[in-house]
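Look for chain A in each of the two complexes below; its partner is chain B in the first and chain C in the second.
Moving on, here comes the complex of A and B:
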């Protein structure tokens, strides 16, 4: 492939899209295959390092990895656990990927998710009306709350405050605000501190079919990825966001507002994290407890990097993360490998996915183009 | 090309893994003709150590996990004891996130473990969700109550152990040692999250102090009203120093990791601390920790496994473990035992016996 870059990044110019659908599909398939090489190499190396760790804990490597695979994808129940884990990660992954395309690094997914979660439960607990309507309103309000929480660093960015700092700080505020609300105005009566459960008819239905705790939020996650793709690659606004991300100078010269597009990118990211939070609180848990979820927002950064900040990649990355967590559970059940090994594997995978120079060394310089979408310096331009 | 080789290797590895995956749960190795599988045959899974029992007992930790030197470790010790003494088949699943609670409980239940212990009140909702799906299996929740016919709720009368700590504090504050000042009969209590649970510790401690020293003053302070109050050593130190400034020369804490601040302060100012949950004197050598109030989650777990094996599982009941059931106790005086006169140890033994005999009822709420 001589034109890796353009084939990875499908022709953004309107009119080119329907010129030769067959050619584009072939290109897409080829680029998708190439896109997988990079994470695959990282995964192989991680599995090798993980094997050393497993041996060091006195366990059989193949038994452990077999359990890992079985626990993630080996049965309907296992796959259900995987996609239940993956559901919020799709959203928090998008919460990083979209601002990244606009040149902003959103570390605030955790706080945005908490704000969305508590907003969703607030609607679920207090709004009268038919269950399905309450659910829909709850999810929408969760997204709006996340949008508002993401808008704050967006506004501060226009005023010159770096979004990395402001989003990190807003995490603490968002998390503690959600906890305060869950323990005071919305406090429930159960043994676990936090809100009460939302009514059963408000709670997001499970997928069923032996998939355990997986609920319809997963379908919404796939839908969200499609919407994010259309938004960023198939609309004028998305084109502007990507242009600002790639080259703020050129964007400004072309008459685009760097400030407005950056604001929109990070607020949209917050909105997706907020949706994810609402689905967790209205679906997976049915309430916001204290402590609530942990690290979904931060793991979203890993998901986005692994998925190279592309919606399709984010979905795959989320399923990978979710599968690893589900598999680690099976691994600690049927072997003596500690749960922490999953974190070690993840960390190594991410290390190699982001350490592009290392993989260039392994695969040759021509592999450099494969790294597109994960190189922070590109995303952080300006 | 290097790419090709790498991909081939990757593919081979993937094949191997999937091939082994098909080999069933307990298959030891993969294909013998594959040199890469010749690892040392270290089988990590627990094999039952003889014994006639066919009990399969398991537990799920909360997010604190194993190694917390607190109730997760203690519960595990109880399970280990069931394994070695009764030959029970055991398994422990740790939880990395609250989502894991239901997953882990379900996994153990599907693998026919029973009884299954959920360690910690944070798992209350998860047990209430999972237990009804497996009505023929037994569950137990520690430190909380779940009203299901197949769930035993294991709670502790922490006030009874705290009462003994109060007896020690009330008597020792009148002694003349390098750590205590007999002229000022003031002792302190450092609580974590202010709520019904820690109030029980306070109530028992205060009652214990008053029982041996009616003119002693007990200063009470709490670190906060959020779970963070159990993990705030800085606040613990600040409060401890303040209580010491007000004359408290013995301070008992029920505040989780916040207590580390008390130990710091006790070490700086050379006054006595009393630990909680596990034998904290043994864990902090050199620090003037007089004794600790023990919460024997291990005994509660072991007794419950035993009851299950004897077809006496207390499903649907709330069991409270106090001094009589060896659910709580006071640790042995360790490093500073020489400073403790025999009257004090005698008084502790007497108080313990009176509580066990039912002659003394320890209040659950302060000010009774």
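Moving on, here comes the complex of A and C:
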């Protein structure tokens, strides 16, 4: 552990590095279809366990699940609630998916989102000028704050501290920092602890069209997913990030910097979480109150995994998570099944979505572990 | 009770749930299984203890239920991450979410509504004769039985881990599972025991919260203590005595928050950041780097 690069354990490289990288990337593409079996298995188990819980509460399983579906997707208003929930999750999902491609596991979405949220509100409350300009600057600053917060574990990684631990710790540091800012330099005049509302002309406009509280942040979320796709799959830098994530040894042999690409991947992830935070504070809530929304960062991990760390999958995963949360309210209202069931369902999905051995048992052959190609496979110390 | 005594008493009360959960994390991570589900294991056991005590009318029965449910959640983590080779981090996050949703659900099913459960009879204080009469530090021996259990478990954990054959094997499985397997010892079995112990110890921490520190269950009452325990474990260098010391330090920080300062004011947000900042400092190596068990996070697959 004396060498500061020892955290990037070199893989043995067989043959030429270029051939090796090409082979790995082709294998990865081939396994994409097979990979869908993981979410399918996890969802099935979750729905079965959910059915047992619904029966235990003395309700009809089909009625409860029908209400869940109706509440998430049954009407314009329901869909509006779903995409309003999904908006920040697209960003916190990308915040996990992008670093993952670079071989880093970002559990820091929660803190990065909070830092972005407070930075966005700071701009919204204090910057003079036309409303639309302030909004745009606010969102950009939120992203930059998230980038900075994501850069810290990137730097610490180079010093040999595993990002899984540092991002967990930075979550609580970021949350407390945001709360302190919201209660002190940015404290509002209202009775609720936190900042004031940003001016109406700064607040992100709603989509309208009967979609309720859903705002233009959702459109930005879709745009962000497209940008993330281009960044990671259509640029040279993205190719480097993916190569580093799949095989650090081969990447180094090909002259790519493992440290620099890993750093960039997690800082970019932080940037997306920061954007998501800015959209929540400037859009959905118009302020940062204490306590603020929670678990969006952690749920982003589930969103990314369900979407197999691909931007399109992240969007679908976020809509699924958002729909489940929206539907749970309708389910509680019309059948009396507590809405906490949604959290239980998500928990079970998470529990099994990476269950390699279970999938292998069902498939009857070896499956590609989610962690293959990331340094997580080598453990926390590696 | 003078100010210093009160501060020490508050430190011990705040440190106890952290130390239990940190010892829990210790047995899991020393066996090579990361446990970031400590928070959830504490929460579900805090609920189970209160529910058990409420329906049986006995605090002791409640504690046993808390232990059992802690073990059960430990086994969920074990089945997912050891047998099914699910990612250990994600399994831990799932445990936290499962406890959060599960306690919300069970509150409605058992008590008719969410929020706070009915009050139960908590563990009372059991002052130890003579020791509890010592000025200032005597307050450490005027606590509930669970605190004394913790005092006993810290050296016991150290002995088991570093002086017993089981401990040697457990640590080996967390560093070089292949070697343990080659020696004909079951990696799976040792890891199941480590993670099971982890659930029970975290469960004791949760039970202390709802059955000794307070006398009811409130949704989300662990409030991040499982993560502070994780910080204590890392800052204590994956060593029971170190983890206990770190828990005391972080408990002291909380005591300052709850008691409203010690003469000068530091905003509570900054005091709450303190454990996490210390961990990062420890990880990058000031004063001897904190290095996790080598195999932690890596599923073991027999080749």
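FYI, the second predicted complex is superposed on the first by the 324 of 382 C-alpha atoms of A that agree within 3 Å, B and C clash if a C-alpha of one lies under 4 Å from a C-alpha of the other, contacts with A are read in each partner's own complex, and residues count from 1 in each chain.
One rule holds for everything that comes next: a contact is a pair of C-beta atoms (placed from the backbone, for glycine too) under 8 Å apart; a residue touches a chain by one contact, two chains touch by 3 or more.
Keep in mind it's a predicted model, so treat the numbers as computed, not measured.
In the superposed model built on chain A, check whether chain B and chain C fit or clash.
clash
Touch check for A:338: first (chain B), second (chain C), both, or neither?
both
Mind working out whether A:179 is in touch with chain B, chain C, both or neither, as first, second, both or neither?
Both chain B and chain C are touched by A:179.
Classify the contacts of A:192 with the two partner chains as first (chain B alone), second (chain C alone), both, or neither.
The answer is first: A:192 touches chain B but not chain C.
A:325 in the overlay: touching chain B, chain C, both, or neither? Say first, second, both or neither.
After superposition on chain A, A:325 lies in contact with chain B alone.
Figure out whether A:75 sits in contact with chain B (first) or chain C (second), or with both, or with neither.
Touch partners of A:75: none, neither chain B nor chain C.
Under the stated touch criterion, which partner chain does A:57 make contact with: chain B (first), chain C (second), both, or neither?
Once the two structures are laid over each other on A, A:57 reaches both partners.
Would you sort A:247 into first (chain B), second (chain C), both or neither based on which partner it touches?
After superposing on A, A:247 lies clear of both chain B and chain C.
Please indicate which partner A:348 is in contact with in the superposed arrangement: first for chain B, second for chain C, both, or neither.
second
So chain A touches chain B in one structure and chain C in the other; where do those two contact lists coincide?
The answer is residues 57, 179, 183, 295, 338, 342-343 of chain A.
Give every residue of chain A touching chain B within the complex, in rising order.
Checking each residue of chain A against chain B gives 37, 40-41, 43-44, 47, 55, 57-63, 65-66, 69-70, 74, 77, 81, 84-85, 179, 183, 190-193, 197, 212-213, 284-285, 287, 289-295, 325-326, 328-330, 332-339, 342-343, 362-364, 367.
Spell out the residues on chain C that touch chain A in their complex, using ranges where they run on.
32, 34, 36, 76, 80, 83-87, 89-91, 93-98, 100-105, 108-109, 114, 224, 227, 230-231, 234, 267, 269-270, 272-273, 276-277, 279-280, 283-285, 289, 291-299
Show which residues of chain A lie in contact with chain C when the two form their complex.
Touching chain C from chain A are residues 1, 53, 56-57, 105, 107, 156, 159-162, 164-166, 168-170, 172-173, 176-177, 179-180, 183-184, 295, 298, 301-302, 305, 338, 340-348, 350-358, 369-371, 376-382.
Which residues of chain B touch chain A in the complex?
2-3, 6-7, 9-10, 13, 16-18, 20-21, 23, 25, 27-30, 37, 39-46, 63, 65, 91, 93-94, 96-100, 102-104, 106-108, 110-111, 121-122, 124-125, 144-145, 226-227
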